[in-house]
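The data blocks that follow each hold one structure.
What follows is chain A paired twice: with chain B in the first complex and chain C in the second.
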Partner chain A sequence: MNEMQLLTWVRGPGLNLAVGIFVLGVLWRLFEIYSLGRKKDLSAPRALPGASGWRTIFRRTLPAEGMLKKAPVTYIAGAIFHIGLAIVVFLFAPHIKLIQSLFGISWPALPSQFIDLVTIVTLVAMLVLLADRIMNPVKRFLSTFEDWFTWTLTFLPVLTGWLAVRHLLLPYTTMLALHILCVELLLVFLPFTKLFHAFTVFGSRWFIGAINGHKGVAV
Partner chain B sequence: MQGPLIESLARQGVSRRTFSKYCATLASMMALSPVAGQAMASALAAAPAATRRPSVIWLPFQECTGCTESITRSHSPTIEGMIFDMVSLDYQETLMAAAGFQAEEALHTAMKENQGKYLLIVDGSVPLALEGAYSCIAGRTNLELLKEASRGAAAIVAMGSCAAFGGLPHANPNPTGAVAVSDIIKDRPIVNVPGCPPIPVVMTGVLAHFITFGSLPELDALGRPKAFYGETIHDRCYRRPFYDQGKFAKTFDDEGARNGWCLFELGCKGPVTYNSCATTKWNAGTSWPVESGHGCLGCSEPDFWDAGGFYRALSVPAGPLQMVGAAAAVGVATGAAVSFLNRAKKRAAKAGHETTTLADLEK
Partner chain C sequence: MTASLEKGVRVLKEVIDAPIASYFNSCVHCGLCAEACLFYTETGNPRYTPIHKLEPMRRLYEQEYTLLGRLKKTVGLSKPVTDAELGEWQEMVYNSCTLCGRCSAVCPVGNDIVYMVRKFREGMSASGNAPEGIKGAANRTITIGSPMGVKLPAVKAQMKHVEKDFGIPIPMDVEGAEYMVMLSSMEIMNFPEYLGAIAKIMQHVGKTWTLCSTAFEATNAGMQIGNSDLARVIVSRIVEGAEKLKVKTVISPECGHAYTALRWEGANLVGRPFTFKVQHIVEVLGEFQELGLLKTEGFEKDRLTFHDPCQLARRGGVIQPQRNLLNMVAKNFVEMPDAGYMNWCCGGGGGASAIEEGEALRLEAFKVKKSQFETVKPDRVVTACANCRIVLEEGLEHYQMDLPVVGLTEMVADHLVAKGA
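Right, the complex of A and B next:
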């Protein structure tokens, strides 16, 4: 298989397979999680549970009091890499083109040079987080295989995409094929690892906020 | 044509200065050292036309004659055409006057007289299905002819994408079982000059290199001369700044197209196509596909015909995502099944729950 055949495979059958597993996994997990249900709380709510849920969705985006000083790397690098990832994934012209071909919607792209800068910042932030995970004894102790694995799954698409655009290391065709392949691996594993937080984070925040609001805890 | 090449060129109105300039241009185009230009000039000029003109045999297999058409556009009267005249093209069905028995005779004489020294050019793919019956010349299959001709060849030039990679005949579902020259011949140096067709100056450049140095130019992983296939169309494209700015033509007649913006979204394969169209251009440097407003088809890449459609952007799926519907159904079904299991587990836990009484604690 030469690089052009690899590229055609990852753009065709490979993508088909990866998106298939992704959709299957996401629907399975969402169905499973939300069908678990919760025991009905018979007590009278002390505050508005729904409002508290929405408030928590927003509040937990910001660090809790004093936490920023205690874990600055986690918060700052974490925020930078999440925002960077969103910009790179959703505002790079070829990515928008893909979204448009799949869902028919599109929006203006940012200039490639700006995306390039954001990509570098994102990569650096992710490397800092990895270093912190390795150096910080508590984080290292708490880390499991899944943490290292999901970091790699997230890092590789960004790295290969950047290398492809910059024409580094390997010929563009090969690097582009590897980039798409890495994204496909991410799609395949996302529903079955902690990366599924992309789908559940706001839902679970709402639940926590609602439960706390019911109990009258201001969060 | 007797005497050194330079004399015959002079007779045809080509000055020594023009000739030197051509050699220097060719050398620099192929990224050879400046000295190579002189070496090329002296080797070509000194080549005594009658005695040392290298014999070239051009075998056409499953092809469309587009490659021959292209090489004849090597914009005469400039020097490319001249150089082509200066090799002894002993067999080329389309260009030769002889036909039938005489043509076959010329082929076999050339092979016999230049045993081990001739340059074999092949255009077209080689069909293997039905024992090669899909393409025969003088009652013999292409496979047979190729094997015979390659035995006495100093080197083989696979001219065009069909000979280099199988090309159009090799496209899915490949009814004739077409393969590339390099799939069959393993014991001879092969240079692939892909393109549908290849750029004339690229073809003559490779020939000039062979005549000058007696060897093939430096090749990439796909056997293509690095000098011409070293960079992508996209990297050398004059529309590249628009790609970087995110300015794309959305249709072939919108404002973006009129402004000459990037054709990426219209399916241009420039980013993954290694060729020198953007630098050498076509038709005596007049224009090239992207300049004329159409995206690159990627014709110098293997299997370009099956690379997901000419008008689909590289970033979009090459085929339909057929599994999504079934995957969604299976996903929901699995989720439902798991949720039933979970509920059963909950019920079992509830049923099996033993309450602890004060009496139990006092035991």
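Right, the complex of A and C next:
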């Protein structure tokens, strides 16, 4: 298989396969998790403004009181990499074009020089988080194969995308094919690894917010 | 698989619900919960990372409730939960967790880790892996009536003392009273001033109240141990007592876990909503204050700080009333760092104070309270939980700090304007 054949495969059958596994996987996992249900709380609620599941979905994006100075690397590098990833994925012109060709909707892109900068910052933030996972005793203790694996799965699409745009290391076609392949791997594994927090984070925050809200714990 | 393990696994499978599944799937191993846990911050041992305390339960969840996990289990790729492992985990689930809920408060993905530990304890208890100390307390509550072995005659003796000292009659089994007052053994044995304070306050505000001869003990070691059957028996006594006496409100004493057991778990344990209200004494006093029923005179002049019981503040939503009450009777009230919602636990909640073999760890964890106190250098500490009070006193004594701990209710009662004055 030469690089053109690889590119054709990842853009055609490969993409279909990956998106198929991703969509079915997400639906299955969501069903598997949330169909477990929960018992109705029979205790009398204490109504208080400012305590609810919906509010908590937003509130938990920010560090809890006093926590930022306890774990600045986790919070700052974590925030940068999540925001960076969102910008690169959704505001890079070629990505928007792809979305338009698939779903027919589009929006304005950011200048590619800016995306380039964001990509570098994102890669650095991810490397910092990797270093922290190795050095920080708690993170190292908690880490399993899955943590290193999912880091790699997330890092590679960003890295190969950046190398492709910059025409570095490998011929453009090869790098682009690798980039798409890496994205496909990410899609395939996302529903079945901790990366699935991208979906469950909303449910989890809603549950804790609803439980706290029932008790009138306003946070 | 032994019979006890089988029972434990069955119970665990029953308690795993959608929130727990969502929480386990959301954890990204960021380690932030460790930074919120006094057992990690004071020992530096990553073993005490809160989410790690749930590891056997997480594996069981994966093996039983996920397609991939079931597959892994079938081909022998995942380690089954064993008796030995649960035995080892006792220290993680009981000794080094007070259910204080700081981890739940900081988790960025919103995992209610304490909710999970509470449920994990159900499986630990069912499989016979709960610590002897809390088991004993739970059994004494069931057979004798209180975790410290206090029986009705002891309460009656206490009533007589208080009646003599304060000259106020203590009502018992009065039908139709507005409030039914609960006690904790700790208050009956160690802090009798609480009952006197209640009598004084109720007389002052002109409310009817009563004790109940069949339900005076509010603490619920059944909940702490994680045995819902025992917890239900203990709560049912209170429900029956309150319904028999047709009271409007049951007052949970100065005890954090008694409040959680009765206020939030009670109705779920008995399987129906209560026909009466449940309030912590601090909430009741706060209401009296708002209604202008508390007429006080004079102020405490020394430097006071307030230790928030976790179950009252972070897990119970009562944060402001205690501050309003303190400011009503104290001139020099100072807040500790992290006070209120993020206050640090005394280290003995959730039944931990009843675990003898956990004492060394508890005292180690107490360093965080010590440093909070050292920052504001109070003359006295006020709190609203008899268990916090005992644990704080033990910790302060161990670190040779001369710092008296007092209850908020007594302090308020001390400042009430005398009747007819």
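In this section, the second predicted complex is superposed on the first by the 215 of 219 C-alpha atoms of A that agree within 3 Å, B and C clash if a C-alpha of one lies under 4 Å from a C-alpha of the other, contacts with A are read in each partner's own complex, and residues count from 1 in each chain.
The working rule: a contact is a pair of C-beta atoms (placed from the backbone, for glycine too) under 8 Å apart; a residue touches a chain by one contact, two chains touch by 3 or more.
Just so it is clear, the model here is predicted, and its values are computed rather than measured.
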item	value
Superposed partners chain B and chain C on chain A - clash or fit	fit
First (chain B), second (chain C), both or neither touched by A:Gly66	second
Chain B versus chain C as contact partner of A:Gly203, first or second or both or neither	second
Partner chain(s) touched by A:Ile21 [first = chain B, second = chain C, both, neither]	first
Partner chain in contact with A:Pro45 - chain B first, chain C second, else both or neither	neither
Which of chain B and chain C A:Val217 touches, first, second, both or neither	second
First, second, both or neither for A:Pro137, with chain B first and chain C second	second
Partner chain(s) touched by A:Leu36 [first = chain B, second = chain C, both, neither]	both
Chain A as apex of chain B and chain C, Cα-centre angle in degrees (nearest 10)	170
Partner touching more residues of chain A, whether chain B or chain C	C
Minimum C-alpha separation between chain B and chain C after superposing on chain A, in Å	5
Chain C-contacting residues of chain A that also contact chain B	28-29, 32, 35-36
Sites on chain A touched by chain B in the complex	2, 4-5, 7-8, 11-13, 15-17, 19-32, 35-36, 93-95, 97-98, 101-102, 108-113, 167, 171-173, 176
Contact set on chain C toward chain A in their complex	16-23, 25-32, 34-36, 40, 44, 46-47, 49, 51-52, 65-68, 104-112, 115, 263-268, 271-274, 277-278, 314-317, 337-338, 341-342
Chain A residues within the chain C interface of the complex	28-29, 32-39, 41-44, 46, 48, 51, 56-57, 60-61, 63-67, 70-71, 74, 78, 136-144, 147, 192, 194, 196-197, 200-201, 203-209, 211-212, 215-219
Residue ranges of chain B in contact with chain A within the complex	222, 232, 234-235, 243-246, 248, 264-265, 271-272, 274, 298, 301-304, 306-308, 312-324, 326-328, 330-332, 334-336, 338-339, 342-343
